[in-house]
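In the two complexes that follow, chain A is the common piece, with chain B as its partner first and chain C second.
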Partner chain A sequence: MKRVYPDKEYCIGCHLCELACITVHSKSQDLIIAYTQERLEDGLKACKRFQEKGPTCVALSCRHCDDPACVAACISGALQKDPETGATTYDIEKCVGCWSCLMACPYGAIQRHPTLNKIVKCDLCRDREGGPACVAACPNMALKFEER
Partner chain B sequence: MTYVIIGNGVASVGAIEGIRRLDHEGTIVVLGNEHVPAYGRPLISYLLAGKIGPERLNLRSDDFYRRMCVDLRLNTTATAIDTKKKTVTTNKGETIPYDRLLIATGGVPFNPPIPGADGSGVYNFTTLDHAQALIAAAKKMKRAVVIGGGLIGLKAAESLFDRGVDVTILELSSRVLSAAFDENAGRLAARRLAETGIGVRCGVTAKEIHRDDKGGIIGVLTTDGMFVPCEAVVVAIGVVPNSKLAKDAGIKTDRGVQVDDSLQTSAKGVFAAGDVAQARDMITEDNRVVPIWPNAYNQGYYAGRNMAGAKESYEGGLAMNSISFYGLPTISVGQVNPPKPEDYEIAIHLDEKRQIYRKLVFKDDRLIGYVLVGEIDNAGMYTSFIKFRMPIPAETKRALMHGEPGVFLWPEQVFDKTWNPAGADK
Partner chain C sequence: MLFQPINKNYHDYRIERDKDLCINCKVCIRQCAYEAHFWDEARQKVRHDNTKCVGCHRCEALCPTGALCIRLNESEFRPNACWRPIFMKNIYKQADTGGVLLAGMGSPVDIPVYWDNLLLDASQVTNPSIDPLREPMELKTFLGSKPDRVEFAAPAKGKKGKPKLTTKLAPQIELNYPIMFSAMSFGSINFNLHVAMARAATELGICYNTGEGGLHKSLYKYGKNTIVQVASGRFGVHAEYLNAGAGIEIKIGQGAKPGIGGHLPGEKINEKVSETRMIPVGSDAISPAPHHDIYSIEDLHQLIFALKEASRYRVPVSVKIAAVHNVAAIASGIVRAGADIVAIDGMRGGTGAAPAMIRDNVGIPIELAIAAVDQRLRDEGIRNRASIIAAGGTRCSADVVKAIALGADACYIGTAALLAVGCTLCGKCYTGKCPWGIATNDSKLSKRQNPDIAARKMANLIRAWGHEIEEMLGGMGLNSIESLRGNRDKLRAVGLSSTEMDILGVKHAGR
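What follows is the complex of A and B.
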């Protein structure tokens, strides 16, 4: 399957991927409203975990592992493996906010939602034509969406 | 190929998913003695608390068993295994032949003999039926005593309290959560429960359950001579592997059903997974029963793959628990109470006032366990160091101790393999 691969050699730390991420996952679909309102009022949050060390940086997100630790740990069935697409899917309605997945995922790809008792995790922008918005937004091609 | 799975908990679901990764044709028969498809067993506390409705319990969607081509037989109890003839018999008089068998019968609650325990008003808390019985009973009771201050006991107490019941927890050892968490985490959790009004009493247990003339419970006499009035008692001391079926079939059992690194038992073609199994542990490197959800799923999954011919070896379970008490999240992974603390390096950060706690346990140059209370957002990053057995140089250790784990502390090749494997245009 196609996955998002971040490259720390190219990442310039501009956070544009995060802005693209919150925009596609916003109600308004508008960057300014998403950033100034939905982020503060609804806890809208990007599914990226940003890491920095000196001049090096990288934007990490769910790897959609073949045998994911989060799916094994999920007590509610909110996290599952889609047998057709191979994606690790998340059903926010089923989630009870137990943080088992956040503990089990050794990639730190799962975060707590800032206001709800839910998690935030990459869904590969499944409803977006043309694939993940973060990849499209990256100005330096530090994120690649491909089969490897 | 015919696969038979005894039990329909999460280990069973893991096995179904494991088998179907590799074998789309073989017949899978699942025998489950409960009356509903697999559900999130830990969710029964959310149900009892009234936080979720019964419609949210199912672990997989309604069409799961159909999509996976599974012949699911509910209300069916396996009564015997014949490892020579390779058959399983059921309470319905069927004899089902298998090529590969999985024993995934889970655990059963441990009920020590307590004078007065026989009769109405005494409950366990491990199944949906138990939860529903308690929901009905909670409408009539004012006070309850929970015996056992482990994870299940505390969850039962919290949920009953949310139903408006006055609850007292009795824990024989000197602190709650002694199995999975360490002393500081146990204290913070107990404090949070006490602040909300749940009675937590350590160092005592129930000596006798007292009843009135009609047999109704009136209270519990404790080992220190106190009388705690109540109308119901929940016994939540622990679960023991449900291994009788295996034992009776001549399969090797110790504390649980013994399995090798492929999760196969002493009987050829017969595997075991979940709370019933005594399987490899990643940290201690011996075989032990660690009755937790992620291990049950993983053991089921890898047993399933091996039943389908994968010949993979199970990397071993990792003890882990994540549990919140009235908004106070606590996480514990790996070895957190080392037997001889002097042989380990232990780093502790405790902020009592803000209820934030972090404990890291190092052995030589490895992280082997941690506890987080309050601030848990970096949990997975600590888990990575344990799970991938990454060597930890001094600088990395310092960062971890400061609560600053991150991927740039990983060895370069682990980073590349994980995030940017071959194929990158370099």
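What follows is the complex of A and C.
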């Protein structure tokens, strides 16, 4: 399946992918409102997590593993493997906020929702035409959406 | 002004931040290599210090909401035609530092750009123009010495077949476009851009020039599209290097700083640069002003033939000089010394670092130099013995066409190639902190150039210019770049004096 692959050689640490992520996952679909209001009021958060050490940085998100540890750990069935697309899906309604997945994920790709007792996780921008927003927003082609 | 030097507020740029658009995302803080933007903890917002801005526009380009606008600081001194603000500010600076004024990129001074005073011809009625989309159009260019005449042997009596060429041809560099990427050393620009130039040149079927910093091992595979340079510092020069490329260039001078050498500061010499230049990490790389083995045309002759010998006469040898007052006579000497190519770098040529006084006051414009050299070599009957490359200040495809009509065989482009990958001509190359990741080896900044993107942009630029050159040639009723070379009848001058027209060898428009 196609996944989002970060390239640490060319990630410039601008965090534009995070801004793209919150915009497409916002109610308003508007960067300014999403960042200045929804982020603060509704706990809107990017599914990407930034790692930086010395000159190296990289934007991590859910790997949509073939054999996902988070799905195995999930006690409520909120995390599933979609047999058709191969994506690791998340159903916010089912999530009980036990953080089992958070501890199970070897990449630290799952985050706590800032205000709700829920998690935040990449959905590969399921409904977005043109694929993941972070990939489209990266100014240096350091994120690739491809089959490997 | 508190706690600052007294002239700190005479800064060049002003950062405008639109309060309605700025979301305090800090992207600008992360992008500015000069720390002009910062997070104000007390006010909980992104603020800026105008005095630190160098006008590179990196923050403006990456701001996700378009909140930034970088402007010239409009604070004005009392107008004085003689003491323009630049002279005043330079004096304040030097009074503080006691140092030489350094500068990066080509000279911004207002010296006539003759390209703008030259106009091209087009066919009407009496001779048909050619549509390059329907008819073949040849941009292929061969650089190298051409024979005085060619001789053929007829097939033996009674035998059929074609006549055979018996003249031995000198080695040539074959180019699909009359354009090359000029010498920008590994060190002055970073590895990512060397990879990009090498890949773009290979894809296009042209050449890039290594510059004086040697060639990294991993780039030997692009050798067919590489010209390896030998400069006064002899960095990274060894037998394998000399045999790695399609041509060798001896760098005598550079248009941006004729008569002086180079100095790559130790901070820029990282592992990779050290390995390639064959000098210790952290040591300054100093290129002397002259080659210490060249003090005459005879010495140059020796070096040319030493290099030809070392490369077993397989590749042409070029000699690059800055365009200076006696350029025509010097070029004639160079050709007589055995060079196959003479590259001439005009005073608007770029540089990673040069003393501002030299860059802005020494040398002559490339247009006059090309015309003078071409004419001199023709007058002496040796024009065929070497190709001429024009460098320094080629801004568009029309400049290339005009340079060729004035007598060049091809053009080197450097600044234009860097502009293609984002350079905004801020001129801060000498600081080693190029915000666009070009003139820097800082590992954080150089990542800003992804060779995949950079190679594509450079290749696109040359292809685009190629199309335009074909259009212009077709319009003039020519179907090959060869027919334009030195064809000054295709040029007319506007607004030039008779001396200028005489040197350029062109008539005034209307004649």
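For this structure, a couple of remarks:
Convention: the second predicted complex is superposed on the first by the 148 of 148 C-alpha atoms of A that agree within 3 Å, B and C clash if a C-alpha of one lies under 4 Å from a C-alpha of the other, contacts with A are read in each partner's own complex, and residues count from 1 in each chain.
The rule is simple: a contact is a pair of C-beta atoms (placed from the backbone, for glycine too) under 8 Å apart; a residue touches a chain by one contact, two chains touch by 3 or more.
As the structure is a computational prediction, the values presented were derived from the model and not from experiment.
Because the two structures share chain A, they can be overlaid on it, and in that overlay chain B and chain C fit beside each other without clashing.
Of the two partner chains placed by the overlay, neither chain B nor chain C lies in contact with A:Met1. Residue contacts after overlaying the shared chain place A:Ile92 against neither chain B nor chain C. When both complexes are overlaid on chain A, the residue A:Leu40 reaches neither chain B nor chain C.
Taking chain A as the reference chain, the count of touched residues is higher for B when chain B and chain C are set side by side. Of the two partner chains, chain B is the only one that A:Arg63 touches; chain C does not reach it.
Judged by the touch definition given at the top, the superposed model places A:Leu116 against neither chain B nor chain C.
In the superposition on chain A, contact of A:Ala73 is made with chain B only, not with chain C. Of all C-alpha pairs spanning chain B and chain C in the superposed arrangement, the closest lie 8 Å apart. Overlap of the chain B and chain C contact sets on chain A: residues 9. Interface residues of chain C, counted against chain A in their complex, comprise 21, 23-27, 30-31, 62, 64-65, 437, 442-444, 447-448, 450, 452-453.
Those residues of chain A that touch chain B in the complex are listed here as 5-9, 51-53, 56, 58, 60, 63, 67, 69, 71-73, 75-77, 80-81, 83, 93-94, 96-100, 102-112, 144, 146, 148. Of all residues in chain A, only 9-16, 19, 31-32, 35-36, 54-55, 139-142 touch chain C in the complex they form. Across the complex, chain B meets chain A through its residues 14, 17, 20, 40-43, 46, 51-52, 56, 58-60, 67, 293-294, 297-298, 301, 320, 322-324, 329, 331, 333, 376-381, 383-384, 387-388, 406-408, 415, 418-424, 426.
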